[in-house]
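Listed below are the structures to be examined.
Presented sequentially are two complexes of subunit A, the first with subunit B as partner and the second with subunit C.
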Partner chain A sequence: MPELSKWMATVRISWSKHLAYKLNFVLLVIGPTLVFFFVKFSLWKAIFSLEGVTTLQGYDLRRMLNYQAWTLLVGLLAQGYNSMNLAEDIRLGRISAYLVYPFGFWPFQTASFLAFQGLQLLVSAVTLLLLVVGGLLSGWSWPALLEGFVFSLLVGFFWYQISFLIGLAAFWLEETWVLRVMFVTIAQFLSGAMMPLEVFPVWLESILQWSPFPYLTYVPAKMFMGEYSGSFAVAALILGLWLAVVSLGVNWVWRRGLRLYTAAGM
Partner chain B sequence: MMRRLRQYLAVYGKFLSTCFAAASTYRLHFVLLIVMDQLFYFSLLGSVDFIFDQVPVIGPWSRDHFMFFIAFMLAVDHLHMTFVSESFWEFSYDLRTGRLDFILLRPLNTLFTIFARLIRPATMVNVVTPWAFLIHFGLALDLQASAWFFLLPLVVLALLLLTSIEILLSMLMFWTVESFGINFLRMQLQTVSRWPDFIYPTWSKRIFTLVIPILLVGSAPVRFLFDPTQWIGVMAMLVALGVTWILIAFVWRLGLRSYESASS
Partner chain C sequence: MIECQGLGKDFRHYRKEPGVLGSLKSFFVRKYDRKAAVADFNLTIERGEMVGLLGPNGAGKTTLMKMFTGIIVPSHGSLKVFGHVPFQREQAFRKKIALVMGQKSQLWWDIPAMDSFELLQKYYEIPYRDFKKRLDMLSALLDVERLLKVHVRKLSLGERMKMELMACLLHQPQVLFLDEPTIGLDLVAQRNIRDFIAAYQREQGTTVILTSHYMADVDALCARIVLVLGGQKRYDGSIRGFSGILGREKIVTVVFGESVLADPPGFERFDPQWNETRTRVDLRVPEPELRSVAIDILQSLPLLEFSMEKLPIERVMSTLLANPQLLR
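Up next is the complex of A and B:
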């Protein structure tokens, strides 16, 4: 019970911290996803309308825009910027406090992530409402919505763990934002955020099935659309396995990193 | 005039040597920066290539036209990443910590010091990729001799316009407590500019051409390179550049009046 109260207190504080600078929150968290959606939406609309293309790998204009709208929601729900300052905390010796507090560094960061995820849920709910009212989402169902939401939250946790792992690289590297940008670039390209995987060359699509990337955008978007051909349980299991691998990596890197930690700035 | 120019060149030389010295200290970071840029280039080019596996043309442009445009924007992006991009992040830090005080005291133009002092040497190595694609697709399109002549000046003009719009936008940091988001907004405008103007709906095309002329950065010069009779876009770029700098001078003065100098 005392442990839970620590988590709740941290969630509350983090929630306030995230909302302290509201314009910054909008520009940092919502802005990039919305602009990316705007560019994709315009591009695909142009491809279909300028060329009179009716279907492209089974997607007509409506279905393609539908897919893009769901990827917007997945982006908001699952691909946050939490733990962006983690590297700075390590480099400037700020984590020393967590080594003596009765609440560890990972629980503190994870509670902060949960607060962030709560905010993202609210933003996503508003976005979903606007998309439905705007007629950009058609043919959705409650079971598909629930399935998509649950899977996206799992993706969100995976994304957070990857961000945490990248942040821990600060034990060795002066800057870790490069690794973060690299991961986001690869993930946006290979996860189907720009275009559905059916548009990819067959050889690449086959290779990607062995990676976690399709599960980051394509799979949850298809679940939202009610078109995912695989089983939810299997998809969750596969992503869960990737999550376990990353979590083991986090644990290992944290322990190795602490040996190098000099508490600079103390 | 010449003496002043020489003085600024000497200062820029010092900026360069300092940045090279810093870059050589963190070698892994240096290598990672190169890899990061290459990943970005190939993911953008790959995305367009995959789309053109499905359709022969998009709007008025074929695969070669579109890829030339993307390569042009990557060439602009490469110069941007090398010579100015880091300075925007540092500017937000200077404002927040009050470090701008010391820059204001220097006997140099403050905007020059803020936006020209940080150079990223690692990115210089990547010059080959965008230019190789630019030349490859330019040859495939059989560009006229005049287009090859204007290519480099237009890349530089596009960089100047993009940077000027970004400088104007970054002045907003004077009025925000946490300015990280402004830098993200700046990056979103870059994302919009990386695609040709004809893909956008009319209303947004007008806004991003007339109000925030970010779509002029790539579309206007590339159209001129394809067809020299379409020079009006390049003229519009020059006008936009002039107007932007008038606004920068005005907003900069306003911003300085609001600056609270956190460290003092």
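Up next is the complex of A and C:
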């Protein structure tokens, strides 16, 4: 019980931090929808208005926008949190305090992530509402919504763990943003966040299904759309295995990294 | 009790020649230096002691503190703090210690200190009634009751340091590590913090390890001091004994009505330290000669003021840093 109350207290303090700045919070809530309309909506409208372009691998404009809207929701539910600050905290010696408190650094970060996820649920609900009102999410159903939602939460935890792992590279590297940008760019491309994976060659698609990438965006988006042809359990198992691998990596790298930590600037 | 034997910490860093060429060269061929920040350090501190770690910048004081608190891993030797190996960071160990870093805030900036305290109450599993009692006691002692609900970033440095101290004492640690707790504070705030630490330690019997560049802190708080130079222990003993390293001496201060351009005869023997306008001089006079020197000055010089005091610890420190051979 005392452990649970530590987690709850950390979640509460994390919420206090997020809600400390009103304008920031309002932007956090409505920002994603604004960005979607300014970037993706305009981009795909422009592509489909080109002469001769009516469908792309079976996607017409309406279906493509529908897919893109769901990827936005997956992104909000699963990829909103980043541990960018972690690398800086390590480099500038700011994790020292957490090494002294009787609550681990990973639990602290994870509780903060869970608090953030709680807020993201609110942001996602607002975004979902705006997209439905905007007519971009046609033909959705409650079972599909539930399936996509549960899977997105699993993806969120995977994304958090991989961000944490990349952040830990700061024990060895001065700058870790290159690693992060590389990972995010590759993930954006191979996960279907830019365009549906049907546009890739079949051989690449069949290789990718054993990697974590399609499960980060394409699979949950298709679940939300009610179009996922694979098994939920298999998808969850594959991503779960990758999550286990990354978690082992986090544990190992943290132990090794701490031996190099110098607590600079104290 | 804190006990270390042969404790050492090495840091590795690479050498880079200046300029673009140097940067290019170091990209392909890198020369590494290994520096012992702390070497072969032996120390025993008993429960309830208040010990000052003294030394210039880069001497290894903070590295010692980091090892004592389990933040960094020693390269050599053994270390036990209240029966625990710090780097193993057991929960029981973390509950026994507290660390105040004058140069780094441990409170969350975007929220009021009270929120941080409530979080710490959970982390340290302090029964709520005890927490409330200690919070009331500490906030009254430090006179910060009205500041508990103010965002930490809005507090002055002195107020923030009081909050940092409160955060560290709520769980009643058995050992308190204070790393430069008064750095950057004005004289009044320094004295307030000092008085508080002294009173708290007297009442609770907490073991306190202090590092500070302000000798006044050490002078006022610590009966025992440990001098660290180049990562090694060079003195470990009473503060009185420390002053005695330079022999039994007193500082004689003489103030003149006008500038004295040349040292009066005989002054050069007593390490004269003049002020900018050369109207005041401090002399280090051995105690056996004190009487004759005082009479001589009073009779032969047109002075305005004359006073004598014990050798300030700053003066002992600066003399020893300039002449470390005196420590052998």
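Throughout what follows, the second predicted complex is superposed on the first by the 241 of 266 C-alpha atoms of A that agree within 3 Å, B and C clash if a C-alpha of one lies under 4 Å from a C-alpha of the other, contacts with A are read in each partner's own complex, and residues count from 1 in each chain.
As a convention for this text, a contact is a pair of C-beta atoms (placed from the backbone, for glycine too) under 8 Å apart; a residue touches a chain by one contact, two chains touch by 3 or more.
Just so it is clear, the structure is predicted and the values come from calculations on it, not from any experiment.
Enquirer: Touch check for A:Lys6: first (subunit B), second (subunit C), both, or neither?
Expert: Once the two structures are laid over each other on A, A:Lys6 reaches subunit C alone.
Enquirer: Quick check on the superposed pair: does A:Gly93 touch subunit B, subunit C, both, or neither? Answer first, second, both or neither.
Expert: Once the two structures are laid over each other on A, A:Gly93 reaches subunit C alone.
Enquirer: Would you check which partner chain A:Pro201 touches, where first means subunit B only, second means subunit C only, and both and neither mean what they say?
Expert: The answer is first: A:Pro201 touches subunit B but not subunit C.
Enquirer: Please indicate which partner A:Tyr101 is in contact with in the superposed arrangement: first for subunit B, second for subunit C, both, or neither.
Expert: Touch partner of A:Tyr101: subunit C, not subunit B.
Enquirer: On the A-aligned overlay, A:Gly257 touches which partner chain: subunit B = first, subunit C = second, or both, or neither?
Expert: In the superposition, A:Gly257 touches no partner, neither subunit B nor subunit C.
Enquirer: State whether A:Leu23 touches subunit B only (first), subunit C only (second), both chains, or neither.
Expert: first
Enquirer: Looking at A:Gly226 after the superposition, I want to know if it touches subunit B, subunit C, both of them or none. Which is it: first, second, both, neither?
Expert: neither
Enquirer: Identify which of subunit B and subunit C touches the larger number of residues of subunit A.
Expert: Subunit A has more residues touched by B than by the other partner.
Enquirer: Based on the A-chain superposition described above, do subunit B and subunit C contact any of the same residues on subunit A, and if so which?
Expert: Touching subunit B and subunit C on subunit A: residues 20-21.
Enquirer: Which subunit C residues qualify as touching subunit A in the complex?
Expert: My answer: residues 11, 62, 65-66, 69-73, 89, 91, 94-95, 97-99, 101, 103-104, 106, 108, 110-111, 115-116, 118-125, 151, 179.
Enquirer: Using the touch definition up top, name the residues of subunit B that touch subunit A in the complex.
Expert: On the subunit B side, the touching residues are 26, 28-29, 32-33, 35-36, 39-40, 43, 46-47, 50-51, 53-59, 176-182, 184-185, 187-188, 191-192, 195, 198-201, 204.
Enquirer: What residues on subunit A touch subunit B, complex-wise?
Expert: 20-21, 23-28, 31-32, 35-36, 38-39, 42-43, 45-47, 50-51, 53, 56-57, 173-175, 178-179, 181-182, 185-186, 188-189, 194-195, 199-201
Enquirer: Of all residues in subunit A, which touch subunit C in the complex?
Expert: So the residues of subunit A touching subunit C come out as 2, 5-6, 8-10, 12-13, 16-17, 20-21, 93-94, 96-97, 99-103, 258-259, 261-263, 265-266.
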